[in-house]
Amino acid sequence: MPNYADILKEIEEEIQPLFSQGKVADYIPALSTVNAEDFAMSIQLLYGKSYHIGNTQHKFSIQSISKVFTFTLALKAYGKELYKRVNHEPSGNPFNSLVQLEYENGIPRNPFINAGAIVTTDALTSIYKENTFHTILEFIHTLTNDSSIQYDETIFCSEYQHGYRNMALINMIKSYKNIHNEIDDVMQTYFKQCSVMMNTQQLAQSMLFLANHGTNPKANEALITPSQAKRINALMLTCGHYDASGDFAYKVGLPGKSGVGGGIVAVVPQKMAICVYSPKLNSQGNSLIGTKALELFTTKTNLSIF
Amino acid sequence: MPNYADILKEIEEEIQPLFSQGKVADYIPALSTVNAEDFAMSIQLLYGKSYHIGNTQHKFSIQSISKVFTFTLALKAYGKELYKRVNHEPSGNPFNSLVQLEYENGIPRNPFINAGAIVTTDALTSIYKENTFHTILEFIHTLTNDSSIQYDETIFCSEYQHGYRNMALINMIKSYKNIHNEIDDVMQTYFKQCSVMMNTQQLAQSMLFLANHGTNPKANEALITPSQAKRINALMLTCGHYDASGDFAYKVGLPGKSGVGGGIVAVVPQKMAICVYSPKLNSQGNSLIGTKALELFTTKTNLSIF
Amino acid sequence: MPNYADILKEIEEEIQPLFSQGKVADYIPALSTVNAEDFAMSIQLLYGKSYHIGNTQHKFSIQSISKVFTFTLALKAYGKELYKRVNHEPSGNPFNSLVQLEYENGIPRNPFINAGAIVTTDALTSIYKENTFHTILEFIHTLTNDSSIQYDETIFCSEYQHGYRNMALINMIKSYKNIHNEIDDVMQTYFKQCSVMMNTQQLAQSMLFLANHGTNPKANEALITPSQAKRINALMLTCGHYDASGDFAYKVGLPGKSGVGGGIVAVVPQKMAICVYSPKLNSQGNSLIGTKALELFTTKTNLSIF
Amino acid sequence: MPNYADILKEIEEEIQPLFSQGKVADYIPALSTVNAEDFAMSIQLLYGKSYHIGNTQHKFSIQSISKVFTFTLALKAYGKELYKRVNHEPSGNPFNSLVQLEYENGIPRNPFINAGAIVTTDALTSIYKENTFHTILEFIHTLTNDSSIQYDETIFCSEYQHGYRNMALINMIKSYKNIHNEIDDVMQTYFKQCSVMMNTQQLAQSMLFLANHGTNPKANEALITPSQAKRINALMLTCGHYDASGDFAYKVGLPGKSGVGGGIVAVVPQKMAICVYSPKLNSQGNSLIGTKALELFTTKTNLSIF
């Protein structure tokens, strides 16, 4: 087994020259106040051990990483029925594009772009009604065995007040009748799930079930079927980084999902889950240093799925 | 180890009801004359053994599977320089779309759509000149250890005479100065490589180096670096099936590449290469039964990379 | 001078076979209840005389014809400054498309597609605040010399409740900072202006200033400059019928603007204004019989501007 | 009647400051060698008189102005049948865009973008075979009463050698079966018609039939029907300047057609035809000074059709 502690140290050194690059998300004021120089990386092995470097206690808003949680819940609840409302193809477009929605009658390309995640949250809302966000949060508590995790009210309000593009998306989808609940109810939940605050330790822990055939390794509880876990991993590989998904697969070679808050999670099937945090983003909206750190990791450990 | 012989038999039985579906490619007369009911599947393990079912001696035109061979040669020759001329992102569009070329200044999205493969062949033409097709064919001979493999003159001529869409692509790309050689020279090679005739045994054999870190297992010769082999696998996963790539990753979970002639190759890293043949295509232009056979295979063997 | 009364009678006869075609707008319940067989046509000459046929007292919702009134007010108030926020090119797309907005950074192609009309109403809202709709209505009262004209509350509410596509548009534009007021304020005014009820007599009367160099002929009051009047006419010719604007120019040859309520207004510069009403729409959302009636009119009178 | 001689002098003065702007077409070497400071403007009244300023004897390549001649011939030959193969809607896109062709199955938006003009030339080729270009040239001779007009061999060759984008267009259209003749035959004619050399006097003369209900005023010969003449004028207004057609209608207010060689023709129905020449182009590929000169002309004379 590789010496993960040493590898993390090497990575931390090698990424230093990159801190001058990238740009912290500033579409909402609450996000732009983070420390641009922050870096943290956590590795959670399937059985027990974990390795950490940097400020791994620092909580940041998980943003689009939440799409993995909501898609998991929706796939568990609806199975293949879900595919009628959201496809599973890479879009080739930015995370918030409306173009394909218009050409494809309101069926989002996949659940990891905003349009698809909004439909996913709407699907959960049809089941869990006013408890939808509570259900999502409880799922995160179960995955992390940590019920202290909450959303940040300031970020939530900020998202809500500036979320014109997302409001455009949901209205567009609703015009095609692919939103079944009240727009405001769905968007409140959507913006709350984006505002959930977690650190790299918690996020690495939370993704372990995807490295373990869908079973929470601590509780030994099957959350989803092995086949569903594989499919979520496949989706993270093909669609987890918007229009940089191909590049991430090419360079990192692991299923992963990024968030505009600076976090990226990645899964090594049967082995481990990883989370890296660094808030400066590349031009596609993914953590610039986070992406590089994961590339270094798979290069050093040879742990790519390919 | 699973009993592959039995699994192949099960697959052959389970696909029978699907033979009524799909449609043989008919854009050129020479392709439309194949036997629509044909089926063959070959598994080539990394060390030695192979398993076959169906008419595995029947040769068919490899069509877009040839893109794997040309991209391998070009990546070997140019390394990262190649990325300036062809990207590695899923396009989200059909195999022959011109739309993104216009928005993205003649840089094809990836080497596994027609536009990208044409640029790849042009890059090889800059090196190998009038020997380009010969070089490609020799590479296939090396990979298969079988120098009898040739292209089919009738199919080549037919492609050439009906290749308006591909001629549109290359002219468009050349208008952006991303084709460096004579259009006719490049297209002759391109249409020849598409017309190469191979059977499932040969194709499974030919992909083994991608399951083996880039090294031809028979000759123990490193054809490309391990990193390059991983990247080709990643590319096959994200872009190998055009606008059905996400679906293939989702359901099959293996790097793969399809051809409109009815063949699909797939790679299980460190383990094996697979080829399946059935000429009836689904609406995205991939073998309908071939896709299903591979889905059954990974379900039964649990050999998905996820 | 042609015998307009006779010509109107001929037109009424010749359109009869078309009543079996087309489809009344049904995107809101309040619109779908109109009498599909209704037809009315009014000609208002520049100096005095007018000619009418059919149910010219019947009021219908003017819908997109209101865009002429709001663009006139905005052009009067802002002059060329307005062009920074809304262009004057045909879009080549349907009336409610979001595609170009995304490629062109939230600047609508022209003020006669929904996106552009919403920006126009926003521009008026910046000046007239809570009196914006009142100002628009008063302008209509002035043009028609008829202060009884009002909007229909039922249609307004229905538009408002089903206006997801328009809500998508305004949110999208606001994400590009090209909406300066509260979304709800702008949309209330926008949906009210669409719900204004007028008959063909009133509408023909209201457009006369565009046939008269921008001067209201009754009051002899210059509402806009002659140059502005010409430009509005040019815009109606190139953009007045969405993605059927070219066809309308080709067949009718007059500046015109249609509404999904079934009305079409047209202007013969220096001579007259025309309004025709028939609620069944063609596939581009313009009155099918109204378009034909105007084509017959310019064929019979030779009054095309070309 | 305005004093046209004086007006032309005023225009020539007022455009002087603009000579520092714009850029001569340089996509082929043969075009880039023109004198960037050249300017000429000719007015040809319907009955007799003409007015000229600048170097009105200088011949330049008419380029896309040729599309008016070929569309006239094709409309005369095919009538409404032609609409099945080429539409008459503004495209909202640049002159050489392929995007809409792909979405709209190879039916070009209108005959005044390259794709549509190529289909028009193909339609003529089906009738006139190897005499197609000769027929077009003879039509120009008839219109101008000047049989000295020829195409420029150097420009033709240059177009032909660099015409990748146009070759992409015709191949794309042929893939949809909307080209019926050999690609090379059609393109030879197409590039020759673009290379026809005329001066502003000849071009103004040649457009007079469109100001005269389709009848050549000199010979009093009806070339096309009055209705066809109107439709060509309508098409020039809505589609004559690519994605600046709306702007041209808005500012100039006349049917017009521009060519990348620097010429623009315009028609004042029932009154005159105009041609202006200045080779520096604006960003949409239309003569920058030519457009301004026409805008000044209609402002000074009040001769807009609106």
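When the chains are written out, they are named A, B, C and D in that same order, and each has its own residue count from 1.
In this text, contacts are C-beta pairs under 8 Å (C-beta built on N, C-alpha and C of every residue); 3 or more make two chains touch, one makes a residue touch a chain.
This is a predicted model, so every value here is computed, not measured.
The set of chains in contact with subunit A as well as subunit C is empty. Interface of subunit A with subunit B: the two copies contact each other largely through the same residue positions, with over half of all numbers used appearing on both sides.
Subunit D has its Cα centroid 47 Å from the Cα centroid of subunit B. Our note on geometry: subunit B versus subunit C, Cα centroid distance of 55 Å, whole angstroms.
Subunit A and subunit B have CA centres that are 32 Å apart.
Looking at subunit C, one finds that none of its residues touch two or more other chains.
Chain contact summary for the complex, subunit A toward subunit C: residues 97-99, 101-103, 164-165, 167-169, 171-172, 174-175. Subunit A makes touch with subunit B in their complex at residues 87-93, 100, 109-110, 227, 229-231, 233-235, 237-239, 243-247, 249-251, 253, 255, 269, 299, 304-306.
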